[in-house]
Structure formats: structure tokens, C-alpha cells
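For reference, the structures are reproduced in the following blocks.
In what comes next, chain A is part of two complexes: it sits with chain B in the first one and with chain C in the second one.
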Partner chain A sequence: MISWEVLGAWISAALVVWIYSFAYRDNALYKLAEHIFLGTAAGYSIALALDSLNRVLIRPAVTTPGTFWATSWHYVIPVVLGLLMFAKYSRRYYWLARYAVAVNLAVGTGLALRAVPVANIVRQITATILPLWGSDPVKVVNNWLMVLITVGGLTYFLFTIFPRRVEGAPPSPTYQVYRALYYIGIYGMMVGFGALFANTIMTRVGFLISIYLIYLQPQVWASIVAAILAAIAIVLGALRKR
Partner chain B sequence: MKAPKGVVIAIALLVVILVISVVTWSLRVQLYSTRAPFSAFLILLILLVAGYVFMEQARLGRSFPVRKIPAFDAIEEAIARSVEMGRPVHTTFGFGSISSSMAPQYVAGLGVLAHVARLCGKYGAKLIATLGVPEVIATTEEIVREGYYSAGRPELFDPAYNVRYLTDQQFAYASAVQATIVRENVGANIVVGPFYAESLIFMEAGNMVGAFQIAGTARETQIPFFVLVADYSFIGEEIFAAGALASGDKETLASIRAQDIGKFISIILIVLGVIMLLGGFKLVDSLNWVWKFG
Partner chain C sequence: MSLVVRKYVPQIIISAIIVATVAFYYLYISKEVAGAFSTADKALSDWAVIITSFALIVGGIDILRFHVLRIKREGLAQAPFSTVTIALLITMVVFGVIGWYYSYADPKAGITITTQPQFRWLYTNVYAPSDAAVYSILVFYIASASYRAFRVRNPMALLLLITAVIIMFGNTTIGGLIWPGFLSLRDWIMTVPNTAAFRPITIGAGLGTIVLGLRLLTWREVSWMGRRE
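Moving on to the complex of A and B:
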């Protein structure tokens, strides 16, 4: 008899193969997997939200109203803001939904603002103030690169403060310094992006291999079924192409 | 001489902050983090004041020219090309909750969406905005409707077609977005916002249908994918400048000048710090100084 665990593993393997089949082209099995995935995710989000609402607000408000109104009354505010979201269905009061969005955005921006001055400004500046002379040539070159690329990167991201070149006139020294730093910044960033890209791809290939190991290693039959599922997806895709 | 209303409000706000600080300090309430360096607070204060001053100047008529951002200029080209090909324009700005530290990037994404919607109205393009942020469904619908209505093309607005909320779960959202890009055979794929591992999936889907791709994010781990695959990309902070440019609002553009002041201060401090190191003085120690009180 097939246990739920085994059935779950088969369904999961089938969904993985069907999702991968999109790399070849869109097909009916991908659509099926996509809709299952999307529906499950949407349902999961709703269940999570309702559970949170129940745990934090409804149950305490009903079972221990005295304690709730004395200590946790402020939970009513997000509920009211959440309810305002439904105003979008009214032609007359749809603008009320903006208030909920505005509060959410303000909270998010406030959270971002809290950490930025320390992590993104002060810590970055202090990490870049490095000695440009010393006995270790490798360290010195490294420090020069660090300082130049950071200053160059910052110069690249100056959008409203930049020297302008007068048409027909030779470039001023300020303009030349600006352009040099601008290019150091962009090329430095490109080198960094290349390293980041390679690093991320390496991680993704690791994920791919781990999926292979899960589904292909233990059972020969599992590999054959996975191959058949992939072949069905490819055939369906090819039929649609015609 | 009568002081402008804005200056009075700014001074009043500073006085209120000062009074609150003194009161909370006297009551031994910890208002400031005693672990964060004081320089961070000072820089934040400078940026807030600079932002306010520049926005006030913009209100009085001063304009702040922003340098050319090729990816921003390419948006119009992408939409016009889609119309010529008879294909829709797709745009998305990410998934998750807007009340997170990614909020500024969502705002930038919404700014770009407003610009795209206006251009779609202007050229009569079909717009598909997919989203995974439930809080902004109403806002997105309003932005797209405004784009079509302001261009005198209300008949093109169909909320069920134009705005498609998928889910706030990362890969379910990603699988649906890539399917939308391919099934609708989009002519332009414009993705600006905070993106995670799904960034390359979107770019690859756009590539499959030969869409004109413009992408941008301020999440440094995802920028390489956009730079590599998209036709034009907004690198990091460029998305905020794009959001401000898209709004066309002088005051929002003035806030970009305040950001630039922050970057300029950083450059000066780095150069100064490096020069001072030669004389044996460590500016790092001053920047890391923590004001312990109370």
C-alpha cells in the first residue's frame, strides 16, 4: 500500500519536473504545476493571515476582553487600516484605501531609515578610510583599489551634482577628475557584479545538483519516471509549437 | 521681516524633538541607541534638513537638473516598439510586504509604473502589471487607470486585464510572472523594484519571447543579472532617481539632490580620512564615537 509520504514524494517529483519543463517551452503540465503552486501559495497566505488575526486579536478580545483592552488595544489600529483596503470596491470611498497604503509605506521607510545611517553610511565610510602607503605592496594595492572604486562608485551615483562640459571648450580639470572617477566607479562595479554573478550561479548549480540527488540517486525507477515525465512535457510543448 | 511658513514649521519641529529629548532624558527613558555612533545621527539630521531645504526651494520654483539615465529614456522606446509589434507591455515591481525596509524600492517601482502607464496611454499600448504586494493592489489599479485616463484613452483600462495580483509567496509569484510574460508574448518587460532570486527567471522569460527588457533594483546581489540580461538596467540607486524622474514632481526631484549631498559628504569624509591618516590622525575614531549619556 502506498503511504501518504510516498505519494507526496511522487507528487513533489512530478511538480519539479513539470516546472523545469518550462525551460523548453510553455506546456499543459507546467500550467498545471503553476496553478497548483499559485493556488497553494495564495491559500497558505490567507490561512497564515487569518491565523495571525485570530491569535493576536480575535481570540484574546473574546476570551479575555479585560486584559486585551487594557494591554493590546492598539492591535485594533492595523485591523481598521486593513479594513480600509476594502474601500477600493466603492466608487465613492476608494480613496480611503490610500491611508492604509500610506501607513504601511511610512512604517517600511521608517524601518529602512533606522538602519541606513549606521550600516550604509558610517560603517561604509570607516571601512574605506584605509592607509594608502605601507610595507606590504599587496595590501597597499588592495587599499588603493578599495578607496578609488568606492569614491568612483559614489561619484557615479551623483545625479544632480556634476560638472558640465561647455560645448567647444576643452574639458576643465574638475570635469576630467569627475569623468575619471565616474569610469573607475562603473568599471569597478562591473567587476564586482561579475564576481557576484559567478557566486550566485555557483549556489544555483548547487541547488540543481541537490534536486538531482534527491530524485535520481536512490531509485532507478524514480529516475526513469522523472525522465518519462520530462519527455511528456517536451512532447506536449512540441505539439503546441506545431 | 516675516519668516516663511515652512521655516517656522521646521524650527517648531526641531524644538519639539529637542523638548522630547530633554524630557525623556530626564525621565531616564532611552530615546537614542547608546551603541550607534553619534556621527550617524548627525548625518541623518543633515540629510533631513538638506531634503527639507531643497524641497522648499523646489516649491519656490528652483529646478534641479538630473543627469541622463539611459534606462529611463529607453522606457518610451520600449513601449513604442511594443505598440508597433502589436504586443502588450509587462511591468512588475516585486512581491512581499510593503511595510518592510524595501519600502523605498517599492515606491520607486510604483513611480516607474506611473510613468509606464502614462506612456501606455499616450501610445495606446496594452499594459499588464503583475504584482505580489497585496497592500498596493488598489494603488496599482489607480495608477494604471490614471495613466490611461490622463492620456484620454479610458477605453483601454480593464482592471482584470491590466492589474494582476498573483501571490506574495516568492516562487509561486515568479512562476506565474514568467508564464504571463511568455503566454502574453509581451513586447516590453519593465521590472523595477526589490527583487530576489526571481530576477533572472523574469529576465530569461523576457528573453524567450524577445521582449525589450528594462530592469532595475537596489539589491546588489541581483543587479548582475539585470545588467547581464536586460537591454537597459538601472543600477542600484538609479531606481530612486528614475522613480523621481517618472513622477515629474519638482519636490521629489529635489529629494534626489539631498541624497547627493549625503554621497558628497561621504566622498569628502573618505578623502579627508585617508589624508589625515598620513598625519597619524584617525578620523575613524571620531566617526565611531558613541555619545553615552543618561
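Moving on to the complex of A and C:
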């Protein structure tokens, strides 16, 4: 008799192969794997939501009801708001769901508004204020690069009004400085994007290798059978289209 | 129902909560008030967690509804696939609820929603591999994208290519064998130009977040309401 472990390994290998078969062509087995993934993902999300509700609300209310109702009675409000979310299915009372969305959106925005000014702006600016002269030439060059690329990038992204150049007249110093910073910004970002792209490729390839090692290699026969089935599905799909 | 209840009250709620959340963090009046602010802040975060949980449940029900309607609309061609989705969704939830029940009925067993054995089996053997495969299938598309991106058409594309090659060689053992300098060059690129290149993007994203927050606060952003009044 097949154990649950072996069955699980066969299913894992088959799902991986069928999902990868989409890289060649859409087919019925890919569609099946896609729907299996969707069903489990949706079910998993609901289960996680129930787990969250259990942790924050239900368990404290059941295990320590006295403390809960004395200090956390206001949790009834988000529960009512959460239930109002189901009003979105009504044509008449759909707007009730907005109350819950409003609270969530406002909390998220409030949290972002208090973290972002410091983390995204102040700290980035203070980290760019670097000494541009000193005894260590390597450090000085690095600091110049850091400042110029940052200011150049800001010029490219934020100062989007380019200074005008008068026809026939030589370019003004403001124009020249702006243009130089603009190009330094672009070239700096190209280096950044090159690094990002390389890291993305390496991460994905690493992921692919780990999937091969975890799911495909231990069950070679499952992978082969799944691949044959996917090939048959692709051929049948192509024949049907003709 | 009047426009006030449908549109303006939610907007007032948004403005009030944004102001309160920011005030809880920045305002200091006295030690007692700071303590009350901290409690209120924690409560608001818990409110968001509870509402998000309901939103996830609504999302799951949306998927269920969508597939039931799809079976009705598209008939036998779609039925097997949508039935699989519906069946697995319900199965996962049922196993989760069984785990939930046992977490109260027999707490010593240590079974919870996410550690229920059948739920774990489905997670490990169905959800996790398909999630990983869907995520990593992008590598095939990245391969074709990199072919297009790495074609040297101008100096900028050349710079992108050179940087990417250096980083890839710096990250692999073969790079170090070809030329040991790849490692230090990769470190320098990541520390200096890469950091500097992403700094304006971070600042821009921060400014964008602040602007969006202010738009919500001043009722200029209304797209979150969905249907237009």
C-alpha cells in the first residue's frame, strides 16, 4: 500500500512539472495544477484569517472572559465592521463595506505616515551627507560617487522641469549642471538596475535548482510520468485547436 | 441612503484615524497620556488585524462565488477545473476548522488550525510545491527578458550588461576562479553605486507615500470607495 508520504511526494512532483509545462504551452494539466493551487491558496488564506481571529479575539475572550470584556470590549467594533464587509454582495447596501475599508486604510496610512518620513527621507538624506575631502582618496572618490549619483537620481526623478535652452545661444551654466546631474543619475541607476537584475536572475535560478532538488529529484519516476502526461496534454490540446 | 452616510462618514473616519495614529506617535503631553496613547495605538493595530482577517474570508468567498458562477456560465468545459478549486478550498477550511475545534477540545494534543495533520499534509504536498513552482516559473520569462535587456544598443545598456555580469560572476564560485577581483568588485558595486542609485528611488517612494496619505487625509483620494456615487 502506498504511504501518504509517497503519495504526497508524487503529487508534489506532478504539480511542479505540470506548472512548468506552461513555459512551453498552455495545456489541460497546467490548468488543473493552476486550479489546485488556487483552491489550496484560497483555503489556506481563510484558515490563516481564522487563526488570526482566534489569536487576537476568540482565545482571549474564551480563556479570560473577565479581563477581555473589561479591557478589550471595543474589539466588538472591528468585528461588526468586518461583518459589514459582506455587505459588498448587496446592490443596495454595498457602501456599508466602506466603513471597514476606511478603518483599515486609515490605520495603514497612519502607520506609514509616521515611519516613512524618517526611514525613507531623513535617514536617506543624512546618509548622503558625506565628507567630500579627506586623506583617503578611495573614500573620497566613493563619497563623491555616492553624493553625485544620489543627487543625479533625484534630479532625474523629482526635479522634472528641465531648464530651457535658448535657441542658438550657448547653454547656460544651470542647464549644463542640470544636464550633467541628469545623466549621472541615469548612468548610476543603470548600474543599480544591472545589479538588481543580476541578483533577480540568480535568486530565481537558485529557486529553480532548490525545487529540482526538493520535489523532482527524490521522485524521478513521478517527474517522468508527469512530464509524459503533460506532453500528451499539450499534443491533444494542439490537435483539438486544429 | 444619504450621501453623507455613504460617502462622507467613511472619509471622516479615515481623516480622524490618520490624525490619531500620527498623534499617538509624535505627541507627548505627559506620561499618563503617553500610556493611554500607546494602549489606543495597540488597539487600532488589533482592529486592523481583525478587519483584515474578515477581508481575507470575504476574498475566499469571492473565489468560491466566482467559480460557482463560472461553472454555470461555461458549463462542462470549465466544470472539472472549477470543481477542483471549490473542493480544495472547502477541504482546507474544513481541516482548519477541525484543528480549531481540537485546540479547545484537547489543548494538550497541541493541534491548532495550521498544525492539524491533514491540513499540514495539504500545505506541504500541494500548496507549497505549487506555490514555489508558480513563483519560480518566472525564471523562464526572465531568461527571455535578459536576452532583450542585455543586447547592447547604447552605452547605458552596456553599463547594465557589464554590471550584471560582474555581479553574477561575483556571486558564483566560478567567478572567483576566473578572477578573484570579481568578489571585491561586486562588493564595491553593491556598497557604493547600487546604494546611491536606489537612494533617490527610496526617497521618491517615501514622498509618494506621504502625498498619498495627505490625499486620503484631505479627501482627494476616493478611488478606495470603489463604485462612484
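FYI, the second predicted complex is superposed on the first by the 179 of 242 C-alpha atoms of A that agree within 3 Å, B and C clash if a C-alpha of one lies under 4 Å from a C-alpha of the other, contacts with A are read in each partner's own complex, and residues count from 1 in each chain.
To be clear about the criterion, a residue touches a chain if its C-beta (ideal position, glycine included) is under 8 Å from a C-beta of that chain, and two chains touch if they have at least 3 such contacts.
Bear in mind the structure is a predicted one, so any value in this text is a computation, not a measurement.
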Item checked: Fit or clash between chain C and chain B when superposed on chain A -> clash
Notebook entry, point to check: In the superposed arrangement, does A:98 touch chain B (first), chain C (second), both or neither?
Noted result: both
Note to self: With both complexes superposed on chain A, which partner does A:132 reach: first (chain B), second (chain C), both or neither?
What the structure shows: first
Checklist line | Touched partner set for A:213, first chain B, second chain C, both or neither | finding: neither
Item checked: Touching partner for A:6 - first (chain B), second (chain C), both, neither -> neither
Note to self: So in the superposed three-chain picture, is A:22 touching just chain B, just chain C, both, or none of them (first/second/both/neither)?
What the structure shows: both
Margin query: Touch test for A:38: chain B only (first), chain C only (second), both, or neither?
Written below: both
Margin query: One more residue to check, A:79. First (chain B), second (chain C), both or neither?
Written below: second
Next item on the list: Check the residue A:191 against both partner chains and state whether it touches chain B (first), chain C (second), both, or neither.
Entry: second
Next item on the list: Have a look and say if chain B or chain C is in touch with more residues of chain A.
Entry: C
Check: A:117 contacts which: chain B (first), chain C (second), both, neither?
Finding: both
Checklist line | Overlapping segment of chain B (options 26-34, 242-250 or 260-268) - the one that collides with chain C in the superposed model | finding: 26-34
Check: What residues on chain A does chain C touch that chain B touches too?
Finding: 19, 22, 31, 33-34, 37-38, 40-42, 44-45, 85, 88, 94, 98, 100-101, 104-105, 107-109, 111-113, 117, 121, 124-125, 128, 147, 150, 154, 157-158, 189-190, 193-194, 196-197, 200, 204
Checklist line | Complex contact set, residues of chain B against chain A | finding: 36-37, 39-41, 43-44, 64-67, 69, 97-104, 106-107, 134-139, 141-142, 166-169, 171-173, 175-176, 178-179, 182-183, 197, 208, 220-221, 223-225, 227-228, 235-238, 241, 253, 256-257, 259-264, 266-267, 269-271, 273-274, 277-278, 283-284, 287-288
Margin query: Applying the document's contact rule, which stretches of chain C touch chain A when the two form their complex?
Written below: 1, 5-7, 9-11, 13-18, 20-22, 25-26, 43-60, 63-64, 80-82, 84-93, 95-97, 100, 103-104, 112-114, 119, 121-140, 142, 146, 149, 155-157, 159-168, 171-172, 189-207, 209-210, 212-213, 216-217, 224-227
Note to self: For the complex, give me every residue of chain A touching chain B.
What the structure shows: 19, 22, 25-26, 30-31, 33-34, 37-38, 40-42, 44-45, 85, 87-88, 94, 97-98, 100-101, 104-105, 107-109, 111-113, 115, 117-118, 121-122, 124-126, 128-133, 147, 150-151, 154-155, 157-162, 189-190, 193-194, 196-197, 200, 204
Margin query: Quick check on the complex: what are the chain A residues that touch chain C?
Written below: 4, 7-9, 11-13, 15-16, 19-20, 22-23, 31-54, 56-57, 62, 72, 74-75, 77-79, 81-83, 85-86, 88, 94-95, 98-114, 116-117, 119-121, 124-125, 127-128, 142, 145-150, 152-154, 156-158, 185-202, 204-205, 207-208, 211, 214-215
